[in-house]
Amino acid sequence: MRADAPRLHVVGPLGPQRGIALSILAVVYWAFAGLAVIASAMCITRRNPLASALWLVQTLFCVAVLFTILDAPFIGVLQVLVYAGAIMVLFLFVIMLLNLGRSSGDLKGLVAAAVAAVLGAGLLFDLQPMAHAAPPDAIMLPAGALDSMLVHQGVVGAVAGPLFETYLVPFEITSLLLTAAVVGAVVLAKRKL
Amino acid sequence: MHLVWLVPLLPFAGFLLNGSLALAGSRTKGVVSFVGVGTLVAAFGVAVYVVLDLARSHPAGPVVFTYWDWIPVGTLQVSAALQVDQLSAVMLLVVTGVGALIHIFSVGYMHDDDGYARYFAYLNLFVFFMLTLVLGANFPVTFVGWEGVGLCSYLLIGFWFEEKVNADAGKKAFIMNRIGDFGFLVAMFLIWQHTGSLDYGAVFAQAPTALTMGGGVATAITLFLFLGCTGKSAQIPLYTWLPDAMAGPTPVSALIHAATMVTAGVFLVARTNVLFALAPVSQAVVAGVGALTALFAATIALKQWDIKRVLAYSTVSQLGYMFVGVGTGAMAAGIFHLVTHAFFKALLFLGSGSVIHAMHHAYHATHSHEDAQDMRNMGGLSRYLPWTCTLMWIATLAIAGIPPFSGFFSKDEILGAAFARGTAQPLWYVYWALGLGAALLTAFYMTRMMRYTFHGPNRTGSREETHLREAPAVMTGPLVVLAILSLAGGVLNLPSLMGGTAWLERWLDPVTAAGAALVPAHEVAAGTEWTLIAVAVGIALVGIVAAFRLLDLSTLVPAKSAPGETGLGKLLWKKWYVDELYDAVVVRPILWVSRKVLWRVIDVGIVDGAGVNGAAATSRVLGWLASRLQTGELGFYAVVFVVGVVVVLSRALR
Amino acid sequence: MNLDLSTSQGLMIGLLPELVLTVWGLVLLAVVAWRHKTPRDLRIAGWITLAGFAASAAAVWWLWWNRVGAGGVTPMVAVDDFRYVADWLFLGAGALTVMFSFAYLERESLLAPEYYVLILFATIGMMLMAGGEDLIVIFLGLELMSVAVYVLAGIDRRSPRAAEAALKYFLLGAFASAFLLYGIALTYGATGTTNLSLIGLQVASLGLAHSPLLLIGLGLLLVGFGFKTAAVPFHMWAPDVYDGAPTPVTGFMATAVKAAAFAALARVLIEAFSQTAAWHNIVIGLAVLTMVVGNLVALAQRSLKRMLAYSSVAHAGYLLVAVSAGSGNGSAAVLFYLAAYGLTSLAAFALVAARGRGGESDLQIDDLAGLSTDRPWLAFALTVCMLSLFGFPGTAGFIGKWYILLATIAAGNGWLATVLVLTSLISAGYYLPVVMAMYMRPVPFANAHAGLRFGRLGLVA
Amino acid sequence: MFTGWTLAVSAILFAIGTMGVLLRRNAIVIFMCVELMLNAVNLAFVAFAQRLGVAGQIFVFFVMAVAAAEAAVGLAIILAVYRHKETVDLQHINLLKG
Amino acid sequence: MYDHLVLTILLAWPIVAAAALWLVPEGRAKHVAFVASLIEFAVSIPLWWRFVPSGGMQFEASVPWIAGWGISYHVGLDGISLFMVLLTTFLVPLSVLGSFSYITKRERAFYANLLVLTTGMIGVFIALDLFLFYVMWEVMLIPMYFIIGIWGGERRLYAAIKFFIYTMFGSLLMLVAILGLYFVVASRTGTYSFDYAFLLGHSTGLGSLAWWFFGAFFLAFAIKVPMFPFHTWLPDAHVEAPTAGSVILAGVLLKMGTYGFLRFALPFFPQVALHPTVQAAVVALSLIGIIYGGLVAMVQPDVKKLVAYSSVSHLGFVMLGIWALTLQSVQGALLVMINHGLSTGALFFLVGMLYERRHSRLIEAFGGLARVVPLLATALTIVSLSSIGLPGTNGFVGEFLILIGAFRTYPWAAGIATTGVIVAAMYLLWALQRVIFNKLDKAENEHLPDLSWREVAVLVPILLGIFWIGLYPKPILQRMEPAAQHLIDVVRPGAQAALR
């Protein structure tokens, strides 16, 4: 993985050192943030599952962009590959398979909508402190620290390093998890018992 | 004297023997009657010995025999102890003596009854308890006898329990007595609390100092005691059980409901004369209730047709006299009347017993189901039962108070005492007057009874007439003895006025002295006394004569064809509707409240229904409702979930 | 001996039980891939699984015997007695489940040896949950467990009920784990770490007790765990899933899964949030709700299995009471109660499985009538189980409740203890009818069935 | 940069995802909404990572793995249900209730 | 040797016997059980002589049980518990004997339950460790539950579960209270212990906590007694239970409540127990129990229900006696606890015998039995009389002591309570009349067999007891007196200290 670091580096950290003014970045950020919200809203409100799925893909892309802006280009790439690429394809495949494609709407009634709205609002209200909350200064890195780290260790390396050292155990667990998932999927999919 | 324990024990042994014979279902009447009568006669013998012994040694105070510690708890020390003194001696003789006679009579009377053994067992047991009552050396032991005799009367009234009325009568008697016993118990509590003892000796010694003269405590104690007496001795308001008690065999009526048990109340007042002496109010109440009862019962007796009921009410009325006596403070007079009354009333009852015996046989022979006790079915019996007739006339004159019969002396002493007290407290004049009235009525209804029963044309029925027979010797024998006693009983306490020595009074002196010392003696001039006597005798004669004049025997018809009473007559015949009143005011309400309110509403309805099962049902309903929320729809689950999230988050942030 | 988990061999030793089980699982997987046709294969797989549990348990025992510990703050996994006991618990529950499954799988002809593989993986997940010293490890462990159990719930593919159960469990489970994950994220954001002890230290040193991020994170964590522990109002899935899933799996869920969730919850709250008072009242609130609702609704059940499902909700309430004590006693009580309750209810579910045929989910309580004459031992065992679940003195259940009451009252929550006993009084209202049905109702018809061998199991409870 | 705002966005996305779950009847779509929520979480992780170090990004990596696993199993389950019911509409999937 | 082991033997033997029952054939079970219970009784008899009235707690045995929690197996006897134990060991053989023909199905299980029950009851009376006490208190619950539920009448299920939950309700709260006390005391003294004496020594000055604890104890015991509003489990349980069950219920189980008051509630929390309000409440409830119980009993159509309500009335006397706290009243209460065990036990035996002959418990099903079954009728009469407290029988001594003692403390209450003797006469005599007197008007009753020798053997010991206590209670009173005195000495000052 270390090998292909430079190539990725080209895509690499957007940011001050490329000399693009912060303001532009801000514009881009806001554009994609807004788009993400809108797309997700569409995703949950489209009657047609297929449409929802596509809007979800849309959301995922936007989020991927946000990742990149937030100094996580590698994750952004993964997002596109794994999520938009693999997982969503899986979803679409299943939707097609069960040809829910043209199934006329699976939205619930107005009551449900109202309830959903109220609860969603309630949830937002509870989460709203987050907006103006930030990690305690004592443990915050100086601005741009992560960015420079990426520059030095490479986009992948910065992530891969700790993944195979500090986070070895979780990493192994994920492998186990995936195995279990595969076994499970197989069991459920087997024609006969 | 130390043999006194034998006196109650002999009848008890008899009870055990006969009782086991009864349970064994043996029909051997010989053994039974031997045991039953034998123990009583033996007891009488021992009693006589004991009394003679007492008379000889003539101790200052009562002689107490303590047998074992009964209820020893801390400062409350009750021992199983008997005490012999002059008062208990008198009762001892009356109970065993009259008792023995009645036992003998019963041998004949109950001869054909298949409950023969059971009968004698009960009778013996009764005598045992009665003796415990009179011999007890402290309140609790007396109370044992007190409730014991109640039990026996319950058993004997309900002796023929197949008839619901009999069983009812027994129950009624016991419960009414229990009401009285409630008073007795509370009195005991008070006494123990204020004198610290329940032994007669200690209590009476303590009382004058421990209780203030006329104080609330003394009054309370004595009133509660008297409540007990009204129950046992059938005084207003608790008298209604006694007439019903006639449901029992006639000898039982004679022994328990005339001669002995019912006089227990009088005995108790005499026994506790010290306490009563300390409570003038209570004395007034006792005498007052006694006088009222005497008159009231007498009025009812006027219109009764059942020969035994007449006697029953006369008993109630005579008991009233005794209470006037003891209430007035003339203990000796009260006891005197108690004794004489025991004689002549026993005689009357046994006499009526032999009448009923005869009637019963007559009807039995002809298989007719007429009432063998209804005087309207009798008449002219003197021809068939000459002995009974004459003997009963003696008793009648005695009870009417005609000299020289015993009743005359005793009744006269009571009236005299009441009048004498009246000089100090005018209230007693009223009592005296009431007493006179009662005397008049007594003379009247007794004569009425005798005439309806023995004289005029016979109404038993032509076929039955032929079967009427005088009772066997074993029954008439006791009658004769009793007749002699009621004839000569007066000598027991011949007043000095008539050259007598007032023997009984002096004999009882050791017992009554303490009480008498507390109340000022009331004397009246000899002249006044003579006039009083004249008045009393005159009244009695008037009553008798009136009975002869007013009552027309020829118009009388047998019970089945007799017309119903009307007006005052009906009121009297219906006993002033007192039973109905009690039933409506006490019995029914209690039953109704218990069944409808306490049980159905409160217990089943509220406590159990609303409370217990209510709680259970509520939780079930709640559970059911909650389980309805489990719609099986995932969407809804998610909603609940998110609601939970919102709540938890907002709680976390506060 | 003292481990240094930063070195790889230290890590190996520290994770020995999990490693053993993992390796075993892979081996089993291989075996299954090669033999998965006949009932015999099924049995073989089962026995291998049991052996695996035994081996892992031995490893745990070895760690415990050598007093293996790790000083100070350990990365990723904790090495302490709490974990050992919990591991034993899971292994034991797993083993018992496997034993019950033998007869069951054959009777229902569920010829899927993968069943055992999944149970094995699930158990690993649980062990990681109980042993995880890092929120991420706990989360991944939980996912590992969940994924396996989702499948187990739906493993009987001929049964629509099972499928529905699986779906409900899965959808809500994923939903819930999103919340849990968000909680982890915010906690990380608030403290800069996901290591439990470090979180605790940070909260203490930086005075974050009132940081909104942390509090929201805490709330979301509680929600996430609340779901797995089936605490009201996050319990709605439990009855349906317990009802629909194959009975041995239900037993497994009601005991092992619940146990794992509680173990993790206790560890997180006590190690990371001991300084954050906010959770006490929330947990107490959840506890009361859970006890009341669980017991009341159980009262309304006629189906034995569903009744047991609700009763397990109620028991979650009791456990939450113990957790709320937030003390050493508390977590000891949690573990002991989990052991006692787990044993008992596993036995109960096993007896249900033994009694029922086909869809034993429709086994009504009244259907047990006359069981006592029919199969005395089964009846006796079930009686003992019921009494133990009710917490009657002399049974394990009583000791468990006793521990909880001790902890609660020691924590000064007398009223909470009172609520506990009163709600458990309600539970008599649905445990006793089972006993009554068996002993006191006349036998409707002679219904004999396999499963007498389960009778003994009641005795241990 | 943008930390606070990003958190806000993530919160919004999360809320929208939740609403989606409450709003939809189709199992697959609901599952997609869950994925949406996971993404919101990821966004938060990344935002924090920017200020707290790379660990946050690693968590995102794990989350994706989990998402993949869940997707595999979840879709398999949905298929299984569909095989019984011929629908994935949750309003018609309620054998188990009460 | 005997002194140290006797209680443990009494506790263990029934369990052993119960287990042994499974080794003998179903048909033999009753005989084995009878012998076993006789042995139990025999073992307990020497207590009577070896007991030293002034010796306080005796026959003690104490072994650490769960040392970590300060739980120990600690048992002992004093003048209060001695007679409860003897009563139990006395009644159990009789109930076994009385069930010979009554119990026909699952005999083995029945007698096993009965024996286990015995252990539970004895355990309650001798436990000197609150944990042990609680455990025993519950242990006796299950066998009783089964006895009612399996061998009971038509509504046995309802009665059984009602009995169980009712009792549990109180005892669970009591458990919380016990634990609370344990911790409070521990937090003060630093020692964690459930030992009776220890807790008693440190239970003073609890302040408001005492009210909560007392409340819990009170509820638990009041339900068992049962006092007025908590009594409704009793009629159902009594009516549905088989004869032996009713006998044990009335004879022993109810006493566990009053015993609890004497042993725990009063000594532990005198300041609450004797607080004017509480006093007033308890006395009022007792009076209600006495009168109300009697009146409701009077109108019961079912003999067993009648007896059940009469129990409410009798236990009302006991509560009054206990709270009056005079030497007389307390000893009276103890005596009535015994008397009620004998009289009501005998009543239930007789009702059971009638039921076996006639298969009905309704009063109107009988009438005129005195002719047909004189022995039974006589026994019934004697027992009823003892139950209404006729002097010369045990009933009188007890009630007399209670009332005369209570009269010192609550004159009015005692006065009202005394009317209870009237009510008692009303309901029992009326019932007696309708059962054995009146006309024998039902054909079914005409050929009822009289008492068999076995039944006589069941009744005679009780009748002897009735008269013995009625005529010579001194030996019993002597053995009680120091214990009663001690109780008063403990409670009164404690209360005054707190109330001052």
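First chain written, first letter: the chains are A, B, C, D and E, and each begins at residue 1.
By our rule, a residue touches a chain if its C-beta (ideal position, glycine included) is under 8 Å from a C-beta of that chain, and two chains touch if they have at least 3 such contacts.
This structure is a prediction, so every number in the text was calculated from the model and none was measured.
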A correct list of chains touching both chain B and chain E reads C
Common contacts of chain A and chain C, by label, are B, D
Min distance from chain CA centroid to global CA centroid: chain E
Most contacts overall join chains A-D
Here the gap between chain C and chain E, centre to centre from mean Cα coordinates and rounded to Å, is 44
Chain-centre distance (mean CA atoms) for chain A and chain E, in whole Å, is 73
Per the C-alpha means, the centres of chain C and chain D lie apart by a whole-Å value of 25
Dist(centroid_CA(chain B), centroid_CA(chain C)) in Å evaluates to 80
Within chain C, the set of residues that touch 2 or more other chains is 136, 140, 143, 147, 150-151, 154, 157, 167-168, 171, 175, 186, 189, 192, 212, 216, 219, 239-240, 301, 429
Flagged in chain A as touching 2+ other chains are 108, 112, 115, 119, 123, 126-127, 129-130, 133, 135, 139, 166-167, 170, 174, 177, 180-181, 184-185, 188
Within chain D, the set of residues that touch 2 or more other chains is 7, 14, 17-18, 21-22, 25, 30-31, 47-48, 52-53, 55, 62, 66, 69-70, 73, 76-78, 80, 90-91, 93-98
Every touching pair of chains is listed here as A-B, A-C, A-D, B-C, B-D, B-E, C-D, C-E
Note: in the complex, chain E contacts chain C through residues 69, 134-135, 138-139, 142, 145-146, 149-150, 156-157, 160-161, 164-165, 168-169, 172-173, 175-176, 179-180, 183, 212
Listed in rising order, chain A residues that touch chain C in their complex are 126-127, 129-130, 133, 135-136, 138-139, 166-170, 173-174, 176-177, 179-181, 183-188, 190, 193
Within their complex, chain A touches chain D through residues 22, 25, 29, 33, 36-37, 40-41, 43-45, 49, 52-53, 56, 59-60, 63, 66-67, 69-72, 74-75, 78-79, 82-83, 86-87, 90-91, 94-95, 97-98, 100, 103, 106-108, 112-113, 115-117, 119-121, 123-124, 127-128, 130-135, 139-141, 143, 146, 149, 158-159, 162-163, 166-167, 170-171, 174, 177-178, 180-182, 184-185, 188-189
Per the touch rule above, chain D residues touching chain A in the complex are 1-20, 22-26, 28-29, 31-33, 35-36, 39, 42-43, 46-55, 57-58, 60-62, 64-73, 75-80, 82, 88-89, 91
Given the complex, residues on chain A that touch chain B span 108, 112, 115, 119, 122-123, 126-127, 129
